[in-house]
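Think of it as A, B, C, D, E and F in the order they're written, each chain with its own count starting at 1.
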Amino acid sequence: MGDNYVISEIEKDHILFLLEQNKRSDNRELNQIREVNIETHYVGKAEGSAVVTLGDTKLIVGVKAILGSPFPDTPNTGVITISAELSPLASPYFEIGPPSNAAIELARVTDRAIRESHCIDLSKLCIVPEKSVWILFIDFYILNDAGNLFDAATLGAIAALATAKIPKTKVGEDGVVEVLEEKEPLKIDHYPVSVTSYKVGKFNIFDANFKEERVSNSRLTFGFDEDDHIVSVQKGRQGVYTPEEIKKILRESLLVSKTLRKELMKALSKK
Amino acid sequence: MAGDGTVQLIDEKGKRVDGRDLDELRPLSIKIGVLKNADGSAEIRMGKNIIVAAVYGPRELHPKHRALPDRALIQCFYRMATFSVNDRKSPAPSRREKEISMILADSLSSVVLTEKYPRTAIDVYMQVLQADGGTRCASLIAASVALADAGVPMRGIVSSVAAGLINDKVALDLYDLEDQKGSGDMPLAYAPTLDEISLLQLDGIFTIDQFEESLDLAVKGAKEIFEIQKNALKQKYTDIRADVKEVPKAEAKEVPKAEAKEVPKAEAKEEPKA
Amino acid sequence: MGDNYVISEIEKDHILFLLEQNKRSDNRELNQIREVNIETHYVGKAEGSAVVTLGDTKLIVGVKAILGSPFPDTPNTGVITISAELSPLASPYFEIGPPSNAAIELARVTDRAIRESHCIDLSKLCIVPEKSVWILFIDFYILNDAGNLFDAATLGAIAALATAKIPKTKVGEDGVVEVLEEKEPLKIDHYPVSVTSYKVGKFNIFDANFKEERVSNSRLTFGFDEDDHIVSVQKGRQGVYTPEEIKKILRESLLVSKTLRKELMKALSKK
Amino acid sequence: MAGDGTVQLIDEKGKRVDGRDLDELRPLSIKIGVLKNADGSAEIRMGKNIIVAAVYGPRELHPKHRALPDRALIQCFYRMATFSVNDRKSPAPSRREKEISMILADSLSSVVLTEKYPRTAIDVYMQVLQADGGTRCASLIAASVALADAGVPMRGIVSSVAAGLINDKVALDLYDLEDQKGSGDMPLAYAPTLDEISLLQLDGIFTIDQFEESLDLAVKGAKEIFEIQKNALKQKYTDIRADVKEVPKAEAKEVPKAEAKEVPKAEAKEEPKA
Amino acid sequence: MGDNYVISEIEKDHILFLLEQNKRSDNRELNQIREVNIETHYVGKAEGSAVVTLGDTKLIVGVKAILGSPFPDTPNTGVITISAELSPLASPYFEIGPPSNAAIELARVTDRAIRESHCIDLSKLCIVPEKSVWILFIDFYILNDAGNLFDAATLGAIAALATAKIPKTKVGEDGVVEVLEEKEPLKIDHYPVSVTSYKVGKFNIFDANFKEERVSNSRLTFGFDEDDHIVSVQKGRQGVYTPEEIKKILRESLLVSKTLRKELMKALSKK
Amino acid sequence: MAGDGTVQLIDEKGKRVDGRDLDELRPLSIKIGVLKNADGSAEIRMGKNIIVAAVYGPRELHPKHRALPDRALIQCFYRMATFSVNDRKSPAPSRREKEISMILADSLSSVVLTEKYPRTAIDVYMQVLQADGGTRCASLIAASVALADAGVPMRGIVSSVAAGLINDKVALDLYDLEDQKGSGDMPLAYAPTLDEISLLQLDGIFTIDQFEESLDLAVKGAKEIFEIQKNALKQKYTDIRADVKEVPKAEAKEVPKAEAKEVPKAEAKEEPKA
């Protein structure tokens, strides 16, 4: 992200020097993730919310449900829309203004994991076909960028959705939708997680911190559901992979996904 | 102020809907240093308000032609999260957010020793995560301590709270319901050690007497909040001293020590005034 | 306003030097306002309009009434919306582009005085609850900025409203609203005026001209209705006041409000 | 031109709906120097059109890279007030306003001696307060005299008026109703002392003959308007001479006197041509 | 267009030198147009489309028909809306961003020729008065700017319209408009063409190439229908004309319009 | 991927709706040098996709502060024409277009010898005139040869194609219908002479095996397309040689010949690898 940050050659060499010895600057294994914390029900005015910390990375996700019209070509399904704000609050390298390319990519890649995993049956968000459906706005605010926003964002999105409660509705004889006081949880059918590796020199490391991200050549994000399906992929940055390398990273990423999903389910079991 | 004064907001015992007395603040807690990247930061919870403030700077200003030749430019960015209110807020900054950002910057500029850092920017970001009435005051409380946390030298600490009218009575620190159903709201920012009002707004219908009573009550409230701000700052510095390994941010920054220390000193000296 | 205007130290010293002797550069008393002129019915295509001059300050306000839907949470009330354009026509310190912060503040502070004084009973702008209400657009264009736009703007807004005529309407059996040829005046319940003082050194002066504004530290605007209620306050700029100072200025402002309202009512009596 | 030609716009006596003859201008008045801050200004009333024009410059141009190395850049900003038309106009500049701004700048650039002020901007703002058809022409009339009022040296004065078709007849200076119900409109800008057309547009359906007739009629109208422009300028300078205390702006500005005088002189000399 | 292009004095002198001898740099007569090619049915997903080449100038026009509501003041007529994109693909002098003034002028001048010629009877685009009409979006993309975009654009617009096919519709008893599979051609009542001359020195030349445009002082565009009516005029740039000069150019332009319309009709006869 | 997998996209003979085998590309043609102003250009037709790519640069970068001190900045602008899809696309760039532009720039940056042109921009514009599924891949194919046409030195040529899932089977180069009704799509960019994947995306639901099969199939497809790219480039250079009057653009530019030739040479040498 932060396009105006230039890491010093010395730092870069140091990170690479450690990797040659299979070490990382914060003493982790190459595929070891930082401490994860997921706090749900953070914001009472949102239908669902979660604050995720991944090491020093911190973000908040809120879900708002608004009644609206479906798209004409999908009259029987609700709508999910995801946006991300990389506020300059979170990093000296973010700037005030309309969503940057980095914010757009973050939102769209997270969207892909959530949407393609079919974690929510959008047809259940339909109230009156062609007329009235729930629109779920899932909005991220990055509070501190210390690397690996992609995986933190997906954790936050699914945690906020899984703990969200949506008002019940009643459709009158005249077809008018009444929103009731009583709320019910969203039904979650799948629990996608996202696993991102960064390639630094010839090494692929997971849950990279900010400096590791900066010295990396490429980024590779896999979204997995709990049945080991791949539901999304995004390769980022100007570096490259051989096909064999990608297959190898895929298997490593799958392992990491198990750890992340365990943390997710642990947090959700407390809800 | 959409209130028509007909909703009962004070019971027969003189208690407000949330159980408070008329001159009572909401529960208020401040955590300092919550964000690692920022030079200074704080999270405030005031009633159901949750707001995070971060300070970056003094640092280079872009675009450069906006830099001030003789002092730092304080820039405030007050923003509400889309999910912080009952209806989803549009993510684009509203006119309200822009106006509030401007008056918050004016208020903070009144205490920061901006002349020490000519041609730089001191950027203060305030993100409202949940809104419950009085967010501009709560943002200012958090921003003040975040500035101190960043080691920015100040003549004093700005505190802030609103007074308002509910059922035609003057009350302190209105929350969301009272803000909507009441008949007036008057946010104020006040630096107790300096006896300076640096922000004042009002909407509603106040008699001259009600205005003066509100002013006095808000000043009194700001003094109470100032104590909480000081305690939060002291707590933070105590924590740091306990943990010898962690270098306090104020030192890590290029700000000379003498200046960084100026804040607690100034407060200690001027406290008797408050 | 004009953020790029720097007044010379000599001019500043001169203004302060005069104030020490209780004088102003244009020979006024500290609380004396400049000559006021309010010309209504300026623009026939607007429902209401007023050109206000306050010394060399000049602005025009137009009111347009448009049929629209009410806000869902206030289904029985019409809508007022105020905007201000600080056109570069009016000052070498205004710039082309989207509304500046100064324009936003001017519009919002005027809005507060108009709205909070309940000068117009918005429920009378409702035609069919939930369906159809009048939206009053009150738009300012500054033509010449010679200081104290706030007070001139409020005078203009109330004068334009008080002389506006809105079409009568007829609601058909099918609920369709028909706009008739015949027009009727808006009923005005209150006549708010705005009084702004600027603090220069330790002096508070009223109806500041452009140079006085530039050398001032703080600005304080009170909105008053005709019953001496305070309906709006806005403190501006980076200077400060003690609580006692504010109470003192309040009383001086109240006196000035009488003068301004007299001018207002004089202009309206000619309508 | 939404007109289908079926509305009766000329009566049996050859009079138009507002009582004018086909080749008759609307009542036209010009007040010069109406805005104090501007370097030059004018208010024009033409029929029910009310338009204010202000000139600032020559002055520094921002951003600087847009400056022209060998001459001044004339920038025009033609804008309609939201309340100037029957339906409320959106406050954002429309494509129409942008196009008109551009062609007005081209027209004025044809007479201003821009080479005297390299690397500067001469900014012309035109605010339509009430629109009644022919606003671009009326704006240009006002802008021309505002430029003269600002002491900007020019080779001549641009005048402007439209001709158009109502009930298939060529008519001068269409007003709102005629513009809408008529079948063609042709705005033109013309400098009589130079015999130069610097703006020409047309929409509608004109035969070759109608076009030529319109062209000739608009040129004739522009010459009449030019006399009104000159009188307004003379009036202004007479007023100034009467009031010895007031320094004429043209002198107060850095424009050398010889140049400031160039305008009236050029007109005086070339008048016989008109 | 391209405001940052400065032609060298030598090139300018050379072009003028040739014109003095009644010659042009590409050996054409002063009123001779370059080779025209019009290819219709280029884009199957558009209702109509055309690629126009005029020498090295190349642009594409697409027409999309969308069901929408009419303007309240013209409830019985469909809508035409024209936009032009001067993509930086087409010229080193175009820039990324919102439509430039040049793009706006190109769209609006083309719009005038199309609209004022009444080439399409807009009332035939009305399906249900006040409710449902066809909106025709005519969008240009310039692919290579080698001069004279105005005339190429009008050729493209009319060619795309003349070869467009719009779906038939059926209005149900409930007033709901159904869009059918079957399509029918748009009926074209007139065939406007645009003829632009550029004044270089004292010479007026037609179908100017890019360099000729750059050295020119003025531009004059006439729109003509097939009955020799003038339906649009636009004078551009800072140069001037005498009234007599305009009358002379008008007659020359009318002749050129015949040639251009012949090319247009030739292309359309192949449709 | 709105597909629910219920639409029959493969017949009993294993043929797809458009008659192709599962591992078969759509008809693909490339024309090089279609735009005169651009430094390099190409038009691609792949199925019903029609896309034009133009390259400008290396050239000066605006605003300058975005320039990279040690290499050229490759900027991609992928845009869809309003009429390129069934419903009219809004002319404003969408988030999708911005994301695709970014990843296309990353992919091309992986092969261009950007270090040869520090502080410059190489701008690649891709305009989709008609969209039929796989537009980002087709754009990349066109952009690669347009870069070569512009004489931009590269380590290799990027090719690109998607594989995806239709009726749970892995298929090459999905077209619009398959993209919508299928259950997964995986666009890939691959430089055969370098064995480098520089773009990879996926949406849908793939088993690990399906993913690996898709990856292998897309790589195979990219190699086939690479041959077509090479032939198009050879054809262009043959045409040029045949026409002695026309100076090849690569020479006309300031790029030294040795570099301009680097592209075909590199390919020729490394071909055995592919």
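FYI, a contact is a pair of C-beta atoms (placed from the backbone, for glycine too) under 8 Å apart; a residue touches a chain by one contact, two chains touch by 3 or more.
Since we're looking at a predicted model, the values are computed, not measured.
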item: Chain A to chain E, fewest steps along touching chains; value: 2
item: Farthest chain (mean CA position) relative to chain B; value: E
item: Between chain B and chain D, centroid-to-centroid distance (C-alpha), Å; value: 53
item: Separation of mean Cα positions, chain D and chain A [Å, integer]; value: 59
item: Distance between the centres, which are taken as Cα means, of chain E and chain D, whole angstrom; value: 29
item: Numbers and ranges of chain B residues touching at least 2 other chains; value: none
item: Chain contact topology (line, ring, star, complete or other); value: ring
item: Chain B-touching residues of chain C, taken from the complex the two chains share; value: 74, 99, 101, 104-105, 107-108, 112, 115-118, 220, 225, 228-243, 246-247, 250-251, 254
item: Of chain F, residues touching chain A in the complex; value: 1-2, 95-96, 98-99, 102-103, 106, 109-110, 186, 190-191, 194-208, 211-212, 215-216, 219
item: Chain C-facing residues of chain D, complex; value: 35-38, 48, 50, 52, 54, 56, 59, 77, 79, 81-88, 91, 123, 125, 127, 129-131
item: Of all residues in chain C, those that touch chain D in their complex; value: 42-46, 49, 56, 58, 60, 62-64, 66, 83, 85, 87-92, 96, 137, 139, 141, 143-146
